[in-house]
Amino acid sequence: MLTILYDGIAYGMLLFVLASGLAVTLGLMNFVNLAHGAFAMAGGYVTVILMSRLGMPFLATLPCAFLATAAIGLALERTLYFRLYTRSHLDQVLFSIGLVFMASSGVDYVMGSEQQIIKLPEFMQGRVDVLGVSIGIYRTFIILVCGVLVVALQLILSRTRFGSRLRAAVDDARVARGLGIDVNTIFAVTFAVGSGLAGLGGALGAEILGLDPTFPLKFMIYFLIVVTVGGTSSITGPFVASLILGIADVAGKYYVPSLGAFVIYSVMIVVLILRPQGLFARPR
Amino acid sequence: MTVLNQSGKASSEASVIASLSMRHRWHVGEAIFWVCVVLALFALPSRYLLINEIAVLALFALSLDLVLGFAGIVSLGHAAFFGLGAYVAGLLTKQGMADPTLGLLSAAGAAALLGLATSFLVLRGSDLTRLMVTLGVGLVMGEIANQAAWLTGGADGLQGVAPGPILGMFSFDIFGRVASIYSVCVLFVLFLAARRIVNSPFGLSLLAIRDNPLRAAALGIPVSRRLVAAYTIGAGYAGVAGALLAQTTQFVSLDVFDFNRSADVLLVLIIGGTGYLYGGLVGAAAFRVLQDLIATITPQHWQFWIGLILVLLVLARRDRLAQLARRMVSPLLGRLGLAGLMRGGYPSGAQR
Amino acid sequence: MSKRNAGCVIGAVAALGLFCGTAWAEDTVKIGLILPMTGQQASTGRQIEAATRLFVQQNGDTVAGKKIELIVKDDTGSPDVSKRLAQELIVNDKVAFVAGFGLTPIALAVAPLATQAKVPEVVMAAATSIITEASPYIVRTSFTLPQATVPMADWALQNGIKKAVTLVSNYGPGLDAEKAFSERLTKGGGTILENIKVPLANPDFSPFLQKVADLKPDALFVFVPSGSGALFMKQYLERGLDKSGVRLICTGDVTDDDQLNAMGDVALGVISTHHYSAAHDSPENKAFVQAFEKANNGMRPNFMAVGGYDGMRLIYDALKKTNGSTDGDALLAAMKGMAWTSPRGPISIDPQTRDIVQNIYVRKVEKVNGGLYNVELATVPNVKDPVKAAK
């Protein structure tokens, strides 16, 4: 039973890394970016390509996935996304769905439509018995990496100049500009980092969630659930939300397999009925 | 601002009444649109099935327009009502009640009931909340249909859907002629009804709520009740669209509840433009025709080109297809001395 | 008449004659291929299209004096769109065959059309048993899940497996496999500890695998659609189930040739039953695999490809038998009872059920020439679809 809890936590953490970028762009730039999953997919494919074509070890590909996806995100933001900041949400939805179609189809053309398979390094495979509970090594790795990321993100937000500028821009972009804060650069950097995190999540998740050209469309729902339930005004909100959802999903499938898929949607609906702004959002 | 003396009040009142009743008048563009639809039915006998598919999608998009464009509720789970309508209509024919009109009415009723039951979920919260809640409801409905495989046929689909002849006279044929005419007629009738609804005081109050709920409430409009009513009507319309699909294709499978369906209809509505009722129809026609064309040329990579077109469409600062068309056509009309034709009729509201 | 005028007249008459001649002889037989070209099942569509084009390339595009034209359509995963596409193919393009069908509901949706228009429907991929009963014009060249599963249960009983757990994806073919395996095993004296159903769109198998680990059966029987096999295999290994004494047995969809090589050593030793392995030791198969890999950048053919290849063979042979006539009833009569040696082994079309009768092989994943292959251990000859045979 504890194993299930552990698995659920790992799954939840992975969801968090993937969805955190979306939470920030939605909360900061009020931009509905449904193409977020495409960045995750890109990160996964970067890892696959680096490992299979260049023979890089898995751990080394992770920072590359982050940087490459961040670079793509930055480039797209400066060329395309910034034009749509003032447009309606529906326009943004249309635009990002168009991007997802293009990315999905493009990846299919270049890399083929099969599931991509990564060979983890030896020391990451298998399980370990800790205090009578069987724990997967790779899942432990995911929990560690994601834990570090959460702490880092929280520290950046609360302790650095950049973080305080970011929070100011989220609260009120106009006033922030008036104070001389370069909001455009903040937007660009945040978008890049958010995309990079998604890419990292995609690379980490390829082993557990699979990786194929339909990845963005399949998992977009889960990211949206995390962001909506967690609210977009903090890091802790989506973090707790993804943990809850991860554990609920895994536990639901274990204990009541016939209702397995219901659980995650029902939890979401219940939470949203009780607290429409999300679990941790400040009422706007 | 008109000065509110006795005569001034009367004259401003008269002008308000005049402008509101203008909305009921049929615009030239509308007449041209429907004439084109009828022409398509006659001129393109080999494309009956595509026309049928477009008509069903158009009705579905119209139902979403009532909910999104007029009541301002962003829904990503509208397929829940569509799917319910489809299964109700399909199951009815299997129980021996094969009259298509009965099927439509039952589907509308069932879907409206579901809409009423879930309407309390969409009353509160931001756009994103509503998006996710409706999405959740849609997905839950899909799961229920999957679990109830004894009733719905599960993943294999419902077979043996055999609708009887329409009005006892017209049987469905393999060419799709009867089906497409049927769908277009149903679409037209429901469109007329929708037009009546949105131009009524009820419809105007919806617009007020959409633009500023707080102000509407302050004016004494019962916001929640109106939203529930609008959502229920929209759900009923979607149910009819689903029933049409079941009856004209004689098959229902789980993908009527698919997230893709909800996403597609939202896409179609955004392309055509929300809030003026024709958006769904125009968008459905444009999207389906385009998709069919591109998929014939490249069955493997059509998604890429559709995606590219969507991106370009948004970047080109389109407001909506109709306005774009109007901008292109009006200088031409002006040169022909027919500029007056472009004025009047529908207000260009809905800057969504 | 001057010489020039005469020459012109002769030339014109000759051209006219040629035109008439070619118009007379050059009739086209169109085949509508409705395949999943995008989405989750896109690799299925890719394999089948490649196989059908390979067949046409190898055997020429003329049969019985008629020219063959393939029209490929993407089913977009939607049965109603596929039904419209099939209808348009039949009514507008006047195809003589509709073929392909990667998913059961799509094959079922098109069935009434095949009956009404009297057009043979050749199912090259979908594998649920009831499909061929939906229309008298349906012929299948792929396989059915019960056909592939029953021998697996038999092998399990023969190899001392008494307690088993089944884990299948919760859709048509999966439920077919679960039912067939459970019934066969219990009939032979074994016990099913639990039937676990996994949602089709499922990323994470871990809670289900944990349940299996808790139940401690002798063997775990798995069916997931080709594509999820790799993911399943990895999570199976990750949970250490391979070392815990639970044997993994499955249908060949899990050890799909398309993905097997990329799965890595985790797949070694897995026992499966299926109707086709790329390592099948026959001259026809060796030639097929070689030609396929050459024409498709080294892509290995899998059981989907062989379904498409044999479907084309069926179409060609039927046309030869009817002398190029595209009458649906004549073609159907020609197809019933047809038998030939396919790359997978000897196959035939059962005249009563119009379903495929073929050998099922018990295979083990082993390393051959540096690549992973399903090496055949035993053969169960001429297996009919057990569900229909029992009726």
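Letters A, B and C name the chains as they come in the text, with residue numbers starting at 1 for each one.
What we mean here is this: a contact is a pair of C-beta atoms (placed from the backbone, for glycine too) under 8 Å apart; a residue touches a chain by one contact, two chains touch by 3 or more.
Given the structure is predicted, the values throughout are model-derived calculations rather than measurements.
> Treat touching chains as neighbours: how many steps, at the fewest, connect chain A to chain B?
When the steps are counted carefully, the minimum from chain A to chain B is 1.
> Relative to chain A, which chain has the most distant C-alpha mean position?
The chain lying farthest from chain A is C.
> Centroid of chain A to centroid of chain B, CA atoms only: how many Å?
Their C-alpha centroids are separated by 34 Å.
> Roughly how many whole angstrom separate the Cα centroids of chain B and chain C?
Each chain reduced to its C-alpha mean, chain B and chain C end up 39 Å apart.
> Go ahead and note the Å separation of the Cα centroids belonging to chain A and chain C.
Whole-Å distance between the two chain centres: 37.
> In chain C, which residues are in touch with two or more of the other chains?
Counting only residues that touch two or more other chains, chain C contributes 38, 42, 46.
> Identify all positions of chain A at which a residue touches two or more other chains, and write them in rising order.
Each of 105, 108, 258, 261 in chain A touches at least two other chains.
> By the touch rule stated above, which residues of chain B touch at least two different other chains?
300, 303
> Under the definition above, what is the set of chain B residues touching chain A in their complex?
It is residues 74, 121, 124-129, 131-133, 135-137, 139-140, 143, 147, 259, 263, 266-267, 270-271, 274, 300-301, 303-304, 306-311, 313-315, 351-352 of chain B that touch chain A.
> Quick one: which bits of chain C touch chain A in the complex? Just the residue numbers, please.
Touching chain A from chain C are residues 38-40, 42-43, 46, 196-199, 201-204, 206-208, 210-211, 227-228, 230-231, 234-235, 237-240, 258-259, 262-264.
> Any idea which chain A residues touch chain B in the complex?
26, 32, 80, 83-84, 87-91, 93-95, 97-106, 108-109, 221, 224-225, 227-229, 232, 258, 261-262, 265-266, 268-269, 272-273, 276-278, 284
> Under the touch definition given earlier, write down the residues of chain B that touch chain C in their complex.
46, 49-50, 52-53, 146, 154-157, 159, 174-176, 245, 249-251, 253-255, 260, 295-296, 299-300, 302-303
> Residue numbers of chain A touching chain C in their complex, please.
3-4, 7, 11, 105, 108, 112-117, 119, 125-127, 134, 136, 138, 207-210, 212-214, 218-219, 249-254, 257-258, 260-261
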